[in-house]
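I'd like to ask you about the structure that follows.
Chain naming follows the written order as A, B, C and D, and within any one chain the residues start at number 1.
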């Protein structure tokens, strides 16, 4: 069994030794491991993060048994612990609206075997992408939002997500604000993407504003969705150079393309179990 | 004589033909030329920008004569016109405070012949860099700012800049706000650099805030200095990837390094006469 | 009508004026134009390249009439001339073998409207992608290569391409060497992609070799296919950083991803009529 | 005391536990640690690499004592061991010829405190940079190469390097081939920089060839110097996009600039003790 152990706790001497000793005693072989001590805030609170990728022998402990036994170490150091298997593709739902770029990109990366996710269903408030999903052999669920129906739509969405037993929800340009019914059900398991600009532009038509301001860069940010809109822990960011040759249409196209690659990278980091969260901050191991 | 003609005007048919015809009639040979029509704002006002790089024969018109004759074309199309020689390195002053990174970088690029500027003097409100400048053979002028002396310091600065006959002022992390005495004297001829973040951080210690927020990118923006602080036309921007491994010190170092390369690129674009300004926007030809 | 005129000829004074004058006389409005004079080889032969994007009035000349009239200018300067319409998506065939990454990427970019191509058919020597193509509504032609059947397969391919009236052939990791039957039919209209390494690795398993050598970059190059394998004019290149964390499998995945984006950019440059060829060299206007 | 322990050995279970246990027993606190298991060659030989950054208490063991005690662990796992202090800037010599770009860049990064090196001297076969070095307060040693004097020049160089007690030699575009007298004295402690192209160009004037071929990228590679020219373990590589607008002069300037940043990054990785070497391959921890 190939496993990844994600740990975080207040820093103190001996953590690495305790963890590595425990895995060695369970006859596990550490393939990769990375630790990081981060000093956060003015007080310089030291937080220890660790990601350990290891193989257990066939006749070794089950994941449940491993975690049970590890509990003693976890308590000693006041650890947050997450154990994940790398042998299983993450069961995933994708939420989209009308724009196809992020949805199509994720679906083809999944279908060509590039991205280790298991897309169980696509949910949309529009039915534009029903045919494309059907052709790719993925279930499409149309959950329209009517005036006054927002709450019932979200309740239905949560029911559908639970039935499909997904572990990850990807907002592939889903243009509705998610309420707490869904957000609270998947803490740090909903990934959102949005464009970013330097400087920031508020109000409508950000690409129009960026064009008229003559910015030389456009950006995209992927983050975990939290109750605070567009303000969850950042997983991945990137920018692309633009020039005066990029009119609003081409600027928008470049922005969309950037969104697809940043979102795909964030999803990859998540399903490769490389992301640890502490407060509003992530540590993304390479 | 190698020259660059920078033009901008409301778009209409026939501009390229008129300009190219004029240069051909003056026996000039166009080496490079680039045009761009930009539609700005919701109204879609069409603005024509052109950069023409051309050689005139030895017995051809002087720059003054050329401009005089070109005036008929310029009036017909309501053009803004700028004629610059590429045979002359731009006379430049660098303003700095305590941080050395941008200043040292520009001076060594100049000294190694990489950047076609003619650094006439360095002005600083501190004297930290006096020795370094002296060693590189560039005049260093110390203009300290005392409480209540801001205005007289600026008046003196303007006098010094005028005496040195500079055409370009580079703010290499000069940590004083420039007043109108200097700003108005060098319209679109003062280049400033500042760091940029996604999202933006207000208040003190932006690198500390960026670290604690776990951003994955830091940025830098070079722009022309105008009366509105940090809001002039953007010349160049770039970002660098950062990770959790970058503590506040390393984040700051990466940010400074990014500032040096973005500032150097902006200065290069300016002195190669590749920047045209329209309102708050630039067109930077490649 | 929106048109692009691509010109190249020996450099001499007056070319820009003649072209711009001609377009103005035809009541065309130049939207963008770019010129470049390149000095090639030790002799410094000066070659003039120009791309002019312009709109003609509804009651203006047809493309045929325009070219006919322009012939006088073209002869005077010994020009190579190409006139293309930007209103029509380029009729395209994609050739693929077993690897799906480039094929799927191009098809989804086309289907989501991001890439202005008109995919008429997909040809493959294997039938792995028949279903995917059918689902996306694009004709799939299976042309297997049996021992001794190479020539007849190529003759059939040429017949199929002619019937579909394609203007562009994209080799999306087509793992057969194309013979002259197809190469000669589409001069500078076949785009190929291959991986590139620093240093170069000859022999089998280049990714294995790159891994064992510890390279920090992998690359991809898109070029026009010519009779000389992998040596036609380069359209686009890029590299990606890799680390020791990338085992052969991940290195290969990163390489494939890079191939998709470099190939897509090259196809975009071609169908936006931004590529001019001179000998073994391209000029790709931005 | 802040220390870095660099380890490599054949992979087997228990290494991380043994190392971490040893450091914990010595009352050290691990600040960062990174492990990597690499499978090299067709046989898939598994090699374990580890970098551990840790603090020892003031009354803890000295480095000598630490290594002495660690020897038992090292023998058990057949480890290569290197212990370095991060409190001391690496004593460094820079070798240069006529081109100033890499030399000036390293000297200013050192002088502005950006790069944690201690430049003890600059050696050159020319005297062009004597003044610049003197102004920056660094010893300059002129060791010309006369016909037939190559061996004696190298012997003298080795004597000078030994006297200065340097730990690192940086070849900042030093255009002489180093013989074994110096190479063997500083195994994996001499860093060289050279340009790289896709495709590779042999013979004179690579930038001229790259221009005439229309390449879209130029590259630079920093590596440890070994007896085999330009073929030592690679530390850092990067590329820059170029276009038809870059004539041979500008291509060369871009290439030089790339060399400075790639060399500076490689030097930084080395002096931050992040580079481990195994055969012809490096592992560079982030």
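Note that a contact is a pair of C-beta atoms (placed from the backbone, for glycine too) under 8 Å apart; a residue touches a chain by one contact, two chains touch by 3 or more.
Given the structure is predicted, the values throughout are model-derived calculations rather than measurements.
> Could you compare the number of C-beta pairs in contact for C-D with that for A-C and name the larger?
By the number of C-beta pairs in contact, the winner is C-D.
> What rotation angle takes the CA atoms of chain A onto those of chain D? Round to the nearest 5 degrees.
180
> Measuring between Cα centroids, which chain is at the maximum distance from chain D?
In terms of C-alpha centroids, the chain at the greatest distance from chain D is C.
> Can you give the whole-Å distance between the Cα centres of chain A and chain C?
One centre to the other, that is 36 Å.
> Please work out the Cα centroid separation of chain C and chain D, and write it as a whole number of Å.
40
> Two-or-more-chain contact residues of chain C, please, as numbers and ranges.
32, 36, 243, 245, 286
> How about chain B: which of its residues touch chain A in the complex?
Residue positions touching the partner: 36, 38-42, 49, 196, 198-200, 208, 211-217, 219, 221, 233-239, 241, 243-245, 247, 280-284, 286.
> So in the complex, which bits of chain A are touching chain C?
32, 100-101, 104-105, 108, 111-114, 132, 135-136, 243, 245, 253, 256-257, 286
> Per the contact definition, I'd like the list of chain A residues that touch chain D in the complex.
Of all residues in chain A, those touching chain D are 11-17, 19-21, 23-24, 27-37, 286.
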